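These notes are about the structure you will find just below.
Chain IDs A, B, C and D follow the sequence of writing; residue 1 opens each chain.
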Amino acid sequence: MATKRFASEDPDVDLLYKQLAEHDLQPLWELHGLLTPQPRTRAVPFAWKSDVLLQLAGRAGELIPVDRGGDRRVLSCANPGLDGQPYAVGTLWAAVQYLGAGEQAPAHRHTPAALRFVLAGRGVWTVVDGDPIPMEAGDLVLTPSWTFHEHHNSGDAPMMWLDVLDLPMVAALDAVFFEEGESETVTVSTPDSSRSERLHGGGPGLVPVGVEPPAGRSPLLAYRWADTERALVRRLDAGARYAHVRFSDPASGRDVMPTMRCEMLRVPAGVAVPEHRQTGARVGCVLHGTARAEIGGRSFALSEGDIVAIPSWAPLRLTAEADLDLFVTSDAPVLAALGLYREQQS
Amino acid sequence: MATKRFASEDPDVDLLYKQLAEHDLQPLWELHGLLTPQPRTRAVPFAWKSDVLLQLAGRAGELIPVDRGGDRRVLSCANPGLDGQPYAVGTLWAAVQYLGAGEQAPAHRHTPAALRFVLAGRGVWTVVDGDPIPMEAGDLVLTPSWTFHEHHNSGDAPMMWLDVLDLPMVAALDAVFFEEGESETVTVSTPDSSRSERLHGGGPGLVPVGVEPPAGRSPLLAYRWADTERALVRRLDAGARYAHVRFSDPASGRDVMPTMRCEMLRVPAGVAVPEHRQTGARVGCVLHGTARAEIGGRSFALSEGDIVAIPSWAPLRLTAEADLDLFVTSDAPVLAALGLYREQQS
Amino acid sequence: MATKRFASEDPDVDLLYKQLAEHDLQPLWELHGLLTPQPRTRAVPFAWKSDVLLQLAGRAGELIPVDRGGDRRVLSCANPGLDGQPYAVGTLWAAVQYLGAGEQAPAHRHTPAALRFVLAGRGVWTVVDGDPIPMEAGDLVLTPSWTFHEHHNSGDAPMMWLDVLDLPMVAALDAVFFEEGESETVTVSTPDSSRSERLHGGGPGLVPVGVEPPAGRSPLLAYRWADTERALVRRLDAGARYAHVRFSDPASGRDVMPTMRCEMLRVPAGVAVPEHRQTGARVGCVLHGTARAEIGGRSFALSEGDIVAIPSWAPLRLTAEADLDLFVTSDAPVLAALGLYREQQS
Amino acid sequence: MATKRFASEDPDVDLLYKQLAEHDLQPLWELHGLLTPQPRTRAVPFAWKSDVLLQLAGRAGELIPVDRGGDRRVLSCANPGLDGQPYAVGTLWAAVQYLGAGEQAPAHRHTPAALRFVLAGRGVWTVVDGDPIPMEAGDLVLTPSWTFHEHHNSGDAPMMWLDVLDLPMVAALDAVFFEEGESETVTVSTPDSSRSERLHGGGPGLVPVGVEPPAGRSPLLAYRWADTERALVRRLDAGARYAHVRFSDPASGRDVMPTMRCEMLRVPAGVAVPEHRQTGARVGCVLHGTARAEIGGRSFALSEGDIVAIPSWAPLRLTAEADLDLFVTSDAPVLAALGLYREQQS
């Protein structure tokens, strides 16, 4: 039990402070910085570079068997502002996961929700509640809260992808549950389209009759790059200077999962997205292109495969240098559900 | 003012009945058939045959200019049970609209919502609130309540399609408003994709950021046959004996309009859809194939282009003879919103 | 089967019309008045006077046993514009129900929903799904769609109240179901508070834990005059010129039933409610006071117990002569759910 | 910047760990305790006793002026498991606030939402966005997110009440905003009913017409003990062994604020509430009576004015010794909105 000590120049007040401490009470008037005019985040703007991620993940692939602790070969981004916590920003875990040819990460489930965004390669199936989902570059794959999931690399080359979880938030809410599962068999002959897609991925606005979607999260577990790119192209065709689309639950139009929003930005070379900030934390990942990102007074040169942390309320100004495709995930649905979402255009 | 007369064998009661009538009152105990054990519809099961529709619509095209009354060259299906009312079933108007090469049906708007389902041909643009939407076989095009709309045949052949409106329901609610509009110019060089599709038709679960969808109805105004067919194929690939998909508002997952549900059935030759009934009226239209439909004790041989009326609570048993694609629209969202939706599988 | 005949001066067109009729089709361009600039209601503004209602209901009490057909002794208001249909307005049934001392109206249920508004007296219990609800002047009692209900007069005097049902609307939707039930026993010693009130009527914003409310309609079946009057008084205390409150489902804030809105107006003597109109039909009933009502160009002197029909879109201007309490019910939730609700302040 | 160091017995792995640390990455397989089978809370079950709170708050009243830092004279409950953080449980701040006769706590607003629950006394007005709300024993008063609020003791005795805020959660989401405001004048002649109550507190299910409620939170800012007690009495009258009611937004039936659920339990002497646990943290406060509380293996004797911390997933077994009225607040709406709410009855 840690006891915080407060001090004063008045012996009566000092005695009061001592008595408060003895009874697990604290004087509000000595607590500073609780209520700040604007969010004061511990997490700082930061970027993890693709070449480092690739090199160290590859090295881990050589040295660390996949089943050594945690069942996953994952390098987690640790924001330097967070005092050693393995979190990219205050509410989101971001990491790269590396799976060698023929390797398998065993089945489990947990209440923290996860998403996988594939930067390159193919050959891995993620199995979600028994439904094998092949993963390829540009795809977004969901493993929602409390769904069993496992990863199989049935290809002949290692593969690496971005993992983002709402783990810090679920941990802060003291709601983490975890359970191991029975693994499935997946082979190269497994169909290249998941059951989830066959049911719920037919087309814009087309939903299956007689299939009750799960409550609160998307029944569609894979969003394919070909579809995403078509949506981006159409958005630009409709006259936008840059394209900005949101991945949604086709059964409700809401965010794909209750804790995480997923978006994709396509910014043509030379175009700047106006400075903007919002409450809640974001993690970005460059799929294609290069950009300059000014985040809360710091400047980052971003290129393919880089992961970037955008803390709450930090202004973001993004200028594409080569045609940019940027995947962004955030805790925005949580802020919105709790009435705490704000945004500001500069 | 009509006065209903009730009679009895008791002169005191007769006097009472006379006094009630004089004061615009009626004795409930003499009113029979108000509360029936099950729905007793005036509309009967019925089918309008494609060859008749084509022949008479073509003849109307020769004889009747498009702007003669109502601004539309439309033949409305008049259910024989409805005493001369021009309605296909109790709550829905169904009709074929015929537009010759180079003809134009001028702009107007009304609170009754409409949908257009194209059975064959191409060359017509329907302009909805300034957005030109080309129409081709198999497409579903919406002109929601109070949106301006007009039709232009910029092609070199006549074109005909199915119109369904919720007019009887909106009329029963005494909520019909109508207004003429200013017509737009559409040419053959008008893009073959509407603004609505470029914004909202990117792909399953992909929604544009920064575009506020209209309240209560789909922002996507055209559902293309290629997408619909892909959804049907995937549904069959997922193991269903027949495919049944619903057109939905991609921003909410709800029905495309608050008063009309739209669905498509693909039934392989030889397959029978189990007998089923539901509250609320339906109108079907055969896009492809042939079928036997047993509806409330009557039997119909359906082929391409036929329109069929399925009254509330009438059991429907459908058996495909040649591979069947059947478009079905209904007032189901109204029944559901009012707590009156029931269905029963035999 | 009625066939509508259209005529023209052109023999070719006449032949076409004849062929259309033979095939149950109608030419839209000959159908006039389908789409009107504004709602054109058949129902007219009208009032049924209390003294007539009392006298004729009393006479019916002498002459007609309660179980003679329909299980109810009810005089229904027949709007003179509706060609003999027993409806007060296009979508609502309004009537007075009269039950003598010791009489009982047996149990049944139907999909049309009903409400009871008590103008005077006490001594009757309405039993809803087994829950006995005593009725007194000023109370609103609900018998929602498909709930069993029956009325018992355990008092020693006849009692009369207003019944309003959504029957015309449910009939137009071909969704009427009806079933007889087993009657309960109610005595003068039955508690004077229903189970529904003990669970859901605790106070503003207080809901029971562990009691799942029914879907789509209020779990609270009785709204007591004492509570309603307190809300009216507070509203005037808060500075309003007249008080206007809506009865709502305490579990959702929505209307008490999906098809009917219930409201109460308190207008101090001499105060005029500004002219206003809305889509959808309304029925009013004077609980206390007198007023002048101008409705769609007609003028009515209203006093206690009068029932008044306000058709869709008819402007209503109400001026209280003596302090007025007016109960109003309408189909507004239906119009709102279907995107057809409009209102206009003059 | 803190760097976490991982060690291994393999120099190659050690080198990898060193390189990871240099690049702000961490090896998941060395991170233990992230995903636990069940929630493992840092906060422990705990109780703060009324006599201590009263004595130390009174002493603070003598020694500390109200405007010294934080604008409030507040003693915050610091859960001994939380390493000196001033929070009662992981997501909730709980405290007692003490205001002497004639004192005033100045106006401010902040995004963390607060509630006040009064254990004894009267004489204080809390002004919320300009609406003065008198506070008395048993009352629940809300100061929702971003509403200006201030406290005035216009009485002649000091007064103390429970404050609960969602501050830890809003801080974890990096969404704290704060602003000072202009104070109002309140006197003993200020009406004893708030505008909020005159508009929204009329009675169960009675809502004002023409008053748009705020989005996402209750428009009713005070829940009076007389109403709450009536609801508890009715619940017991309806046959429950103990009464359990939830305070709700009368305009929506949802929780009073998006981040905090408020409930009241009345447990007759000798009755035990069955053991139960739920995800999310709770804070209880005894209004009347005494009880034995078994919480996660610890046992507490509770009496009037005690505050108790119930961590996430800790089983709670409550046995009333003298008739108990227990106020409970929790973060349950957050857990529910995010799909993380679970409960378990033993």
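Here is the rule we use: a residue touches a chain if its C-beta (ideal position, glycine included) is under 8 Å from a C-beta of that chain, and two chains touch if they have at least 3 such contacts.
Small disclaimer: the values here were computed from a predicted structure and weren't measured.
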Any chain in contact with chain A as well as chain D: none
Chain of greatest Cα-centre distance to chain B: D
Centroid spacing, where centroids are CA-atom means, of chain B and chain D in whole angstrom: 53
Chain B and chain C: spacing of chain centres that average the CA atoms, whole Å: 30
Centre-to-centre distance between chain B and chain A (centres being mean Cα positions), rounded to whole Å: 44
Contacts with two or more other chains, residues of chain D listed in rising order: none
Residues of chain D touching chain A in the complex: 1-4, 10, 12-13, 16, 19-20, 23-32, 34-41, 43, 46, 48-49, 52-53, 56, 59-60, 63-64, 68-70, 72-81, 83-84, 86, 90-91, 95, 108, 110-112, 145, 167, 169-179, 215-217, 258-259, 279-281, 311-313, 331, 334-335, 337-340, 342
Touching residues (chain side chain C, partner chain D) in the complex: 193, 195, 197-210, 218, 220, 223-224, 227-228, 230-232, 234-235, 237-238, 244-253, 256, 263
